[in-house]
């Protein structure tokens, strides 16, 4: 059995479902029974997620030269 | 002390409060001081939560024969 | 369905099993199917868990007047 | 490297960014490379977060004598 | 970017590395930059992990008719 | 109130306590009552933690030219 949690940027529903299906396939391939494999996606706002002490919102603005 | 986190389907506020109170009672019964026992509920959308590689939204549609 | 995670101090196996059973009963009472209800216990060392900026190891020593 | 997750009450964006920057500085001071240090803030509703078996919404009402 | 966390039964190191590599490939396929994709595996003891209110240790014993 | 969780490489106890104290100070500075601020450190093995699809154990070996 396996529980997969993913923190990621927002995606459309079709992409969410593809990610879920393919992550599940990986765990099943390595021995987790399919019906005992869960996935939960946590779509995190770039205002609340930071690397290097700076939110992704600001990092992207800086990369685009708009801030 | 104890920190309880629950991932669950959305509930109304009265049910949330009943769940919180009763989960807390269990931990207190087994030695956690009441005021050092936390509960956080995470109500997860069925579009983002999957079992067997399929979201709960789709699983429920399939069970109801509507998809 | 529900996933319950608990951070707690170490317990013996009989107590772990009682906690797991009773937390599960709460979620089942409020609508989670029993076989879709998971519990994971995380027994956290008091050297790594702190309140008020002080580990529980030190807090307990201070309360006992040994530190 | 370090991943910091914080469950907290909602804050305005300027405060979020100050918290993120200063938490990151602590980890960098103790050896985590800055660009390998992440922070994610989880702003939790007081309707879903409880201590002592009572939501923070109710605890605050009780403290204010309005409930 | 993406952070993947997996709760699973213990695996040998070669299997851990295969799981990590393939989960990462899924997220990269759907737009997460490879060097901004993390995986952490949490290998959970079957004494601490339960479904249906019963630890996996006991569930497996029951299935094998030894308990 | 605030709950801080940190995934990090193993540290000695003095460093753990310094990290805990200073992370707590940040949250207190921004309004979290000190005695309602928790920290838990999760020291993650480099065999179980990966970036870019490769464990940190292997990444460090590669950087040192020993693998």
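Each chain carries a letter (A, B, C, D, E and F) given by its place in the written order, and its residues are counted from 1.
The rule we apply is simple: contacts are C-beta pairs under 8 Å (C-beta built on N, C-alpha and C of every residue); 3 or more make two chains touch, one makes a residue touch a chain.
The shown structure was predicted, so the numbers you read here are calculated from the model rather than taken from an experiment.
Steps from subunit B to subunit E, taking the shortest chain of touch contacts, total 2.
Matching residue numbers shows that B-D is the pair in B-D, B-F or A-E whose interface repeats A-D, with more than half of the contact pairs in common. For the pairs B-F and B-C, the count of C-beta pairs in contact is higher at B-C. Copies subunit C and subunit E of the same chain sequence form an interface built mainly from non-equivalent positions, shared numbers / all numbers used being under half. Taking the mean of the C-alpha atoms as each chain's centre, subunit D and subunit E sit 27 Å apart.
For this pair, subunit D with subunit F, the centres built from the Cα atoms lie 16 Å apart.
If each chain is reduced to the centroid of its CA atoms, subunit A and subunit B end up 21 Å from each other. Multi-chain contact residues of subunit A, defined as those touching 2 or more other chains: 3, 7, 38, 49, 51. Under the contact rule stated at the top, the pairs of chains that touch are A-B, A-C, A-D, A-E, B-C, B-D, B-F, C-E, C-F, D-E, D-F, E-F. Of all the residues in subunit C, the ones that touch subunit F in their complex are 7, 44, 47-55, 58.
Of all residues in subunit C, only 13, 16-17, 20-21, 24-25, 28, 34-35, 37-43 touch subunit E in the complex they form. For subunit F in complex with subunit B, the touching residues are 3, 38. Across the complex, subunit B is touched by residues 1-9, 11, 15, 18-19, 22-23, 26-27, 29-32, 36, 49, 51, 56 of subunit C.
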